[in-house]
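Listed after this line are the structures, all set down as structure tokens.
In the two assemblies presented below, chain A is common to both, partnered first by chain B and then by chain C.
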Partner chain A sequence: MRMPLPFEQTARTSADRAIHRVAKAWGIALVLLASESGAWAAETQRILPKEWNYLDVGKLPVLITLLLFGAFYLYLYRETKVGRPMRLRRLPGIDAIEEAIARATEMGRPVLFIPGINDIDDIQTLAGINILSHVAYIAAEYDTPLIVACRRSVVLTISEEVVKAASLAAGRPENYIPNNMRYLSDDQFAFTAGVNGIMLRERPASCIYQGCFYSESLTLAETGSMSGAIQVAGTANVAQLPFFVAACDFTLIGEEFFAASAYLSRDPSVVASIEAADRLKMVYLIVILVGVALATAVNLFPSPTLMTYLQLLKEIF
Partner chain B sequence: MRNRVPVFICGFVGIFMILKYFSTYSPFAKIAEELEQWGMVTLSFAIVLGVLNLIKINLKAVMERKKDWGYKLLLLVSMFTMMIAGGVKWYREEMAGRATGGLPVAIHDSLFDFMFDHVYFPLSATIFALLAFFVASAAFRAFRAKNVHATLLLVAAVIVMIGRVPIGGAIWKGFPWLQEWIMTWPNTAGQRAIQIGAAIGMIATGLRVIFGVEKPYLKG
Partner chain C sequence: MARGEAPTTVEAPFDDVTVGVANAVRELEEVTGRRLLDEAGRLIRPARQGEGVDAYVSTSSAGGGLQMLVMGVVRSMTAESAQRAALGAGAIVMDTICSNDRRLLYQQIQRIRQLRPDMILLAGGIDGGTVTHVAKLAELVRAARPTARLGTGYRLPLVYAGNRQAREVVREILNGLVDIHEVENVRPVLEVENLGPARDAIHELFMEHVMAQAPGYDKLKTMTDAPIMPTPGAVGKLVEVVAREKGISVLGVDIGGATTDVFSVFQGKFNRTVSANLGMSYSVGNVLTSAGFDNVARWSWVDLPAVEVRNRVKNKIIRPTTIPHLLEDLVIEQALAREALRLSLEQHKEFATTLKGVQIRRTVADAFAQTSSGQTLVNMMELDLIIGSGGVLSHAPRREQAALMMIDAFEPLGVTQLAVDSIFMMPHLGVLGEIAPEAAMEVFWRDCLVPIGAVVAPAGRVKTGRLLLKARVERDDGSVEELDLVGGELVRVELREGMHARLTLQPARGLNVGEGRGRRCERRVWGGKVGIVFDGRGRPIQLPMDAAQRRQKLLQWAQAIGAFGQ
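Presenting the complex of A and B:
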């Protein structure tokens, strides 16, 4: 039979007691389960201090991530203000967009852009629209027609404004062609069929997919590939990435897709957020390595203290 | 002013969504739910803009007898037929509901249901089914052993494919175990790395939008 023991009764060293105080401050009570056979297991119980009554403690890891990101961002933003240069690595997928538009210009054919299939409340759609602004600017500079196919009417309205503004900024307002801004259908496969129709009838020389895609991703990318278009895709949907990698010439994978706007704009306040995200990743890398080391140690040398540390790490991150 | 009001609205709504997510304090949840309702109402109004865009572009192409105008005419006819059939169905259900004293009545023998079940649904399934052929053609291209990376991909893919079918175990008992190992360890590790990067990217982009550092919705 297992007997639950509060951690403070089993804490032997001052380090153990310090960990217990940290855990208590986070609203976590550590409990060790002792069995007659002498085996130990660590468990945690949620005990909320009164002043934390309004906080959903189950979401603590996300809150910690947000706070860490905010702290890194504020620090790096101040650094950019005092002139510290921020460096971004090359993203071949973004560089390829300009080549794709140049190819369309040489061939005298349009460029097709799809800002994903989700509505404007999806962060991937917003990231896609950021890239659309850049694509529309280059297309206007090169005097190449740009077709934008949308599945949601709000996305269409915003895309119209974005393309109009980018064409104006490039000094070619006539490059904005209202008939090339197309709402096809709210239905996923009707939209897919509509885009395939545009690819096969109007033969765009370049197809750019940037946003959230689901099962239609391969149908779109394969049809584009068969029509001979150069294709650049970007999404954060892990399940669709293999399809885009297989069928497209360049693919922005996950974080690269979100870093694209910083890469394109070079705005220090946006670039600082990319570096803040990189630092956050370093923190998580360290946490993962510590977790792996602790889990291995618990496996090799089972001890109540190590189990408790591991459990605490799981609770906080 | 033209720029400040949307940024304020975005920040105000975004902060309440964050508070709703992290807090158990009920007034935050109520305000956030109310704001979500407003968003849904606004989005449903926007469908009119989409329909108008569809009519404008396709009608113009039909009137000017542009290339492939027949498809565009078919699209317009289909759209209006479904709209009218849907309206007739709604009217019949309303009338039947009134006759039963206000109880909701569902009619399933309407023209709308017939077209949905026998035209729209099979067409939608057909487009989805095309995926099987596209998977084959994409796999054929991706699995060409052009360099070391492509060869590794090809070897891993062959092991996973063979290990997942009964004949794999019959050829060599180690195939099912090997494919399970590839899927559980290297594949999961790679996917999680991408997921962690994408999640942090989403948080960064979300905060940039909420606090007005980046305004993709205002680029016009």
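Presenting the complex of A and C:
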């Protein structure tokens, strides 16, 4: 039979009492359960005071994450702005883009870019278009034609503007060729067939897929590989990654795809957000490790204090 | 083996290189006591009754050697291949112009005009590839109307080694302006590099056009049994042959007064680089600037103030032909040499790479290790032989000093043999190899190379005082020596010149001497002036941060192999 005991009765040290006070202030009451065998378990009861009605304690971890991220971001943004060196890991996939365009230049063939198959409201499409700007700039520098194939009309319009601006920035506005900006079809497989047609007819030397892709990923990547093109892919759709990895020369995996924007732009705000997210992940990694250690310790050496800490950790994160 | 030397007579008042050749041969006659020249000062050929020679070969670096301008479409692809072809032929590449060199058109044209090269190598596009980019490069040449450095009244030779389909266009654009020589494409497809035809054309044109303009070379050409080659080209040829015949990886370095040449053969691929501003006399100031004072000073075990070191370096710049007179001068010179060699090797590593822009076949297992193309070929663990050449290495007061300089600068891994070129005979043997390959190889191994010995260096994390390696040295004469190598130590084991030994190496866990981490390794090595050096200093070599401790450590290492006597 388990007997609930209010935490105040079990708190033995001043540290325990301090933790209890903090927990209470957040509307959490810690209750320890003692069994007849002497083993301890703990549970929390939410005792939300009236004046705390605006706070959903159930979403406390989200709030803490947001605050931590915000703090990291602001700190890193300020530091990066005043000249702290940016620390971004080399992304072979992004470095390979220039090599892919150079290959197309030597071969006298165009570069094909596909900004995914989703509309502009998808964050992956936006990330893909950011990379398109970089690709268009390099293609203009090398004086190599760039073909952009889109599934959505809005994406096409934005891509046109991006390529136009990048060509102008590279000092070669003539490298923007309106006929090379192509809307194929809103239908997924009609679009895929259209892209495959471009690959086989115009034989681009490099195919770059950056955005959201679904089942067409393998068809596209396989056709590109068969046509002898260097291929660089990037998507956050985990299910499509194995196909891209197997059929492409380089693949930006998951978050690398979003980090590519920071890598390319070197914009302090984007770099700071990437680094802040990384630091947040570090914090969570440490919390997980501490949690595992605490849970193991509670199991091995049952103690009300350790149980309290573990329960509190669970509540906060 | 004898050597005779005489100053060049390419300039006034002689204006004839053969005068200098005859002077050098006369010195040889005095040294050997054999008559080699007839009354008219011509070589007696073929040899007869104890006089004359069977063959005469020559290399040339007159007027600073063959100076070339290289052009290609993309810097890292066809332009790099063209550069490799030019360097492999023994040329000095003055500049590389390409579509993506980020220079404006007028700057590129201006540069071509300023350079006045001996020859241009134009490449670009694979066969069936871009024509427009190649045409643009040809138009740059047309706009610049370059003139040759030597001689007047002859058209500048241009080797075209690009897209076959662009030949007609290039001919149309450059017709009448330069002397076009078409050869096979250096990159017929991006996956293949074909440097041979371009290199041969460069050698041929060097003889026909460039050398023809130098005074006395027409006479010299008639004297030689094999075509005259640019000196570095001949060295490269020899290194290539040695590596091929023995099936080994070779690194050759020639550290001169103004430049340092690095030659390598890894995985059967030959590469040469010229570090134009790294040398021991004219360019010594640049070594100090490029490496940084601290990097040079870290190798000095004499306590000299910074201003003193700088003054000595500046003295060397002012009087480039002087040699060190004091021990301090020697230590500083050898510290500079280490840095010049280190930087040259770094540049070489960046250039000697696998081909860029090739399609890569992957599997899902590659998801987290997506290596890119253009990886360096230089693998110090794979390296079998280092050949040092140039005054500071070949004429170091003790061979131990040459060994230590090469080990410190190149940081070889595993088991590597060391040797130096005795009297800079390699270029001549390179040409001799064209007509008598066996004789060239025999002379190379017997007389040209001065064997220094071998170095054994485990790769991996090295902790001072930790046991790194257990080694057993079984010499041919039956004697056996066993030793334990400890982190931070340098140990020398005697193995005389002409002797061989079988090494059995058992590295500690996590360390590699050639067969993988912690794996036992057996190697057969030849001895030399130094013997076998076991290097437990780690890679990169760990030097104490404190200056006094560092000097103490350097002195300890120098004493361990007897670099400055006991």
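Throughout what follows, the second predicted complex is superposed on the first by the 221 of 317 C-alpha atoms of A that agree within 3 Å, B and C clash if a C-alpha of one lies under 4 Å from a C-alpha of the other, contacts with A are read in each partner's own complex, and residues count from 1 in each chain.
In this text, a contact is a pair of C-beta atoms (placed from the backbone, for glycine too) under 8 Å apart; a residue touches a chain by one contact, two chains touch by 3 or more.
Everything numeric in this text was worked out from a predicted model, so none of it was measured.
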(Q) Let me test your reading of the model: by the given contact rule, A:108 touches which partner, first (chain B), second (chain C), both or neither? (A) second
The chain contacting more residues of chain A, comparing chain B with chain C, is B
Give one of first, second, both or neither to describe whether A:88 is in contact with chain B, with chain C, with both, or with none. neither
| First, second, both or neither for A:170, with chain B first and chain C second | neither
Notebook entry, point to check: After superposition on the shared chain, which partner residues are touched by A:241: those of chain B (first), chain C (second), both, or neither?
Noted result: both
When the two structures are overlaid on chain A, which partner does A:228 contact: first (chain B), second (chain C), both, or neither?
-> second
Checklist entry - Just chain B (first), just chain C (second), both, or neither: which does A:283 touch? => result neither
Identify the partner contact of A:295: answer first if only chain B is touched, second if only chain C is, both if each is, neither if none is. neither
Classify the contacts of A:316 with the two partner chains as first (chain B alone), second (chain C alone), both, or neither. neither
Quick one: classify A:249 as touching chain B (first), chain C (second), both or neither. second
Residue overlap on chain A between the chain B interface and the chain C interface 225, 241, 245-247, 253
Interface with chain B, chain A side, in the complex: residues 53-56, 59, 62-63, 65-66, 69-70, 73, 119-121, 123-124, 126-127, 129-130, 133, 150, 152-154, 156-158, 160-162, 164-166, 179, 181-184, 186-187, 189-190, 192-193, 197, 201, 215, 218-219, 221-223, 225-226, 236, 238, 241, 243, 245-247, 253-255, 257-259, 261, 269-270, 273-274, 276-277, 280-281, 284
The chain B residues in contact with chain A across the complex are 18, 21-25, 39, 43, 46-51, 53-54, 57, 60, 67-68, 71, 123-124, 127-128, 130-131, 134-135, 137-139, 141-142, 191, 194-198, 200-209, 213-214, 216-217, 219-220
The residues of chain C that touch chain A in their complex are 73-74, 76-78, 99-100, 124-126, 128-133, 163, 187, 190, 356-357, 359-360, 362-364, 366-368, 370-374
Residue positions on chain A within touch of chain C in the complex are 92-93, 95-96, 99-100, 102-103, 105-109, 141-143, 225, 228-230, 241-242, 245-251, 253
